[in-house]
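One structure, as structure tokens, below. Some questions next.
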Amino acid sequence: MKWKAFLVVGILLVSVLGAGCIESSNNSTTATPKEITVKDFAGRTVTLKVPVQRAAILSTSALEVVQLLNASDQVVGIPAEAKADAFLSPDLKNKTVVGRRLKIDDWEKVLALKPDLIVNLYLKKFYDVDAFLNRSAGYGIPVIMLREDRLEDIPKAVELLGKLFGKEKDAKAFEDYFNEQVSEVKEIASKIPAERRKKVIMIQPIMGRYYLVNGNDVLAQAVRLIGGEYLVNITVKGYIPVRVPMDREKIIASYGDADVAILLTSSVTPYEKVEELKNEMLKDDAWKQIKAVREGNVVVLRADMSKDSFLRWSPRLAVGIWVIGKAVYPSYYPDWEGKAKEFIKRFYPFLS
Amino acid sequence: MRGLLVEGVGFSYGDFEVDEVSLKVNPGELVSIIGPNGAGKSTLLRLIYGTLRPDKGRVLVDGNDVHRLSPGERAKLLGFVPQDHVPTFPFKVLDFVLLGATPELGTFGAPGKKHRRKALELLKTFGLESYAEKPYTSLSGGQMRLLLTARALLTSPRYLLLDEPMSELDLKNALLVLQTVRKLTKEGVGVLLVIHDPNLAYLFSDRLVLMKNGRVVADGRPDEVFDEGLLSEVYGIELRLIDCSGETVLRPKLEV
Amino acid sequence: MKKLALIVLPSLAVFLGIFVGSYPTNPLNLTPGAVNIIWEIRLPRTLMGVSAGIALSLGGMTLQAIFRNPLVDTYILGVSSGVALGAAIAVAFLPFAGIAPLALLFGLLAVFFAYWMARINGRISTVSLILAGIIVTALFSALLSLLELLLPSESLYALVVWLMGSLSNADWETVIYSLPGVLILAFLLFLLRWNLNAMSLGDEAELLGLNVHLWRGIFVFISALMTTLVVSFTGIIGWVGLMVPHMARMLVGPEHSRLIPATVSIGITVMVLADIVVRLLPGDVPVGIITTLVGVPFFGYLLRKTGGGWS
């Protein structure tokens, strides 16, 4: 029996050494670095050398920005969730996975990649942000924190990352594009007369429960941008969550006057499931207490990680606002498919 | 063929052994198994009832092989009063006696009026009728023995096996159990009793089976088995038989 | 008096279950809208509460009887870990299959596995079953953790919330899958009430003519099936199976022809009332949190009072 144990230990040793060999053969591209100081979305002042050559990025939205900036080569570490994100090229998805759910499980793995920047989200509810910052400061790795709270932060995030990755030109191109979409939408919204303004709710059904999109969520901001009135504004003891679980009866009792109900897909609930749910809803006499259901104004929209989904805080929301506009005011907004095609062709050409 | 017939039953577990025991209990007969601690009396009783499976030999109840019967069929033929009972749920005394009806009920059945009447009768016989609605867990050790006996009698089994039913009883209650059991034999029930007190066994039994180290040393009428030399040897102490105004009493010889 | 209370209380709970909620439904002046709310939402939700109350309480009661231990309920068999794993598999790999069928399958699988492991030479003891339950729970939880690594954050969060147990997603479809099965099993249990009495004596039941190990298996299976018929739809609602049978026993004693109806009655009352509390809270609080908040102190009291056995 003993020799078997030795064999196992031996195999383990060899595989560990082997892995080490592969890790250490990485080469970074050389560029003339210069030191700059920026303010991140958490209001922190960060000094770092740009252009960044070896970034470890923990949020998929930031990765989508990097993809758009054509800076994939400057990324060394990605989060596990990136694998499911259709807006990321295979090239990016094949990078080393260093984190999951905004957390780093194994710092050693990160240090082995010798990152010169870590990008993460400033979400105190999800992980211990301060400990994370202290740790990376201890290792001397600068951290840029992003936030996914607001619509107008999307072009700002692109601008900031553009600066850090030395891709100012690509960033500028997207910022202009994004701002153009926003002003076009605003233009249309301004033409909608007050008496035709629609009240909107958005529901994300997950595992048999209903999660309402709250008024502070970027999607609710999009509804207001396209000229709708967003009905759900819930504060729980001074804290405003972006999603509020609510049972059917409370939804019906609270939002009976909604004109449009948007059902969102998610990585848990695929499109067909939500569509099924919508059809059940339209037949259900209780749901019909909501005006939108009674009048058949229930729309299913994708908010998952697929390539047809534009409702996430990321550059894709440039199309997302058109998607929501069309869903709420079909007669005012044009079909968004054209917008989507243009967007993908310009910024994510590998998808077309 | 009528009778409870034990044929060459053997069983071993570690150092402990029951060695090819044979004995017979006829209908209406009261047979007591006596012997020192560790003689294998209780084990033998469990082998006979069938909760323990013997390595060899067989047990026939009126011609039926006990170990081939289902637990239900077996329970209708044989009643068993266990030596120890760990009280669990505080059943009412009456309900506890009624549990004895289980072998006569179908899978989905529950005891009816007939069983209730019988149970109350039995409680009366054992002087427990005033406790009928009380939790049986509040009974004394002695009353608990009586209750277990009453439970075993509810289905009127053809043979009754009792494992030291007197162990926690005072003299009055012990007599009550023995007299009740004796009465049953008049109705044709065969009784096999494991008992500590040889004198009580002598008084009430038709036959005595004397055991030591898993073997039957003697089997016969009480006056045949009550032999000073034999008993002294089996119990490992010096015993004397005293004639006490016509009654034979076994007494240890005391050195003061 | 007791009998009356055992009929009135669950009826009252069900009445409240139908007429209490955030949508105004005045029983004296029902609008068509209120009727729709009651019919489509409150009635199925209340009936699911009835189903859960019956199944979880009777499941706990049955296992407490056959293992002669008041601190036991169906979850010791590993049901919850099985259901959790099944739900996670459904979410991770089979989004179209729905959660309930896989949860049901794995819940039962866990029980069979635990039962198989605990069965030594055809015999099955309380201790071995509890240990087997712990082993199965550990194994299934490890598999669940492994699976959780693969799940995106929102699925994980949803899974965690789902597992806390809720009646808010009940509709007629889930009620139809759950309640009739539970009622049939409850009725079956009532038919077997006398055997259950005998089985509550432990191995001594053999002297009463029962094949103890067979019946232990049958009763374990009935309680496991009953529990999974509920928790596969609702998620894990804890502590009801510990609390309710004990309350019922204090009221009517341990004899099952009285205990089963009392357990059903109190089970319905407790479950439906707990759900009404949840309805009156903001958002969609899992009812499992309420039953746990009530159940844990009760369990602690029970443990201290009984020392883990029957006094």
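When the chains are written out, they are named A, B and C in that same order, and each has its own residue count from 1.
The working rule: contacts are C-beta pairs under 8 Å (C-beta built on N, C-alpha and C of every residue); 3 or more make two chains touch, one makes a residue touch a chain.
Model, not experiment: these values are computed from the prediction.
Enquirer: Counting only C-beta pairs in contact, which chains form the busiest pair?
Expert: That would be the chain pair A-C.
Enquirer: Please name the chain that ends up farthest from chain A once chain centres are defined by their CA atoms averaged.
Expert: Chain centre farthest from chain A's centre: B.
Enquirer: So which chain ends up closest to the centre of the protein, judged by Cα positions averaged per chain?
Expert: The most central chain, going by mean C-alpha position, is C.
Enquirer: On a C-alpha centroid basis, what's the spacing between chain A and chain B, in Å?
Expert: Using C-alpha averages as centres, the distance is 80 Å.
Enquirer: Can you give the whole-Å distance between the Cα centres of chain B and chain C?
Expert: Computed from C-alpha means, the inter-chain centre distance equals 43 Å.
Enquirer: Using CA atom averages as chain centres, what separation in Å is found between chain A and chain C?
Expert: 39
Enquirer: Quick one: which bits of chain C touch chain B in the complex? Just the residue numbers, please.
Expert: 65, 68, 191-195, 197-198, 200-202, 204-212, 249, 253-255, 257, 310
Enquirer: Mind pulling up the chain B residues that touch chain C in the complex?
Expert: Those in contact with chain C are residues 49, 51, 70-76, 80, 82, 85-92, 95, 99-100, 102-103, 105, 107-111, 135, 152.
Enquirer: Inside the complex, what are the residues of chain A that reach chain C?
Expert: By the definition above, chain A touches chain C via 80-81, 84, 100-101, 126, 206-210, 234, 236, 244-250, 252-254, 266-270, 272-273, 284-289, 305.
Enquirer: Could you list, by residue number, the parts of chain C that touch chain A in their complex?
Expert: 21-24, 33, 36-37, 39-42, 87, 91, 95-96, 99, 149, 152-156, 158-159, 161-162, 166, 168-169, 279, 282-284
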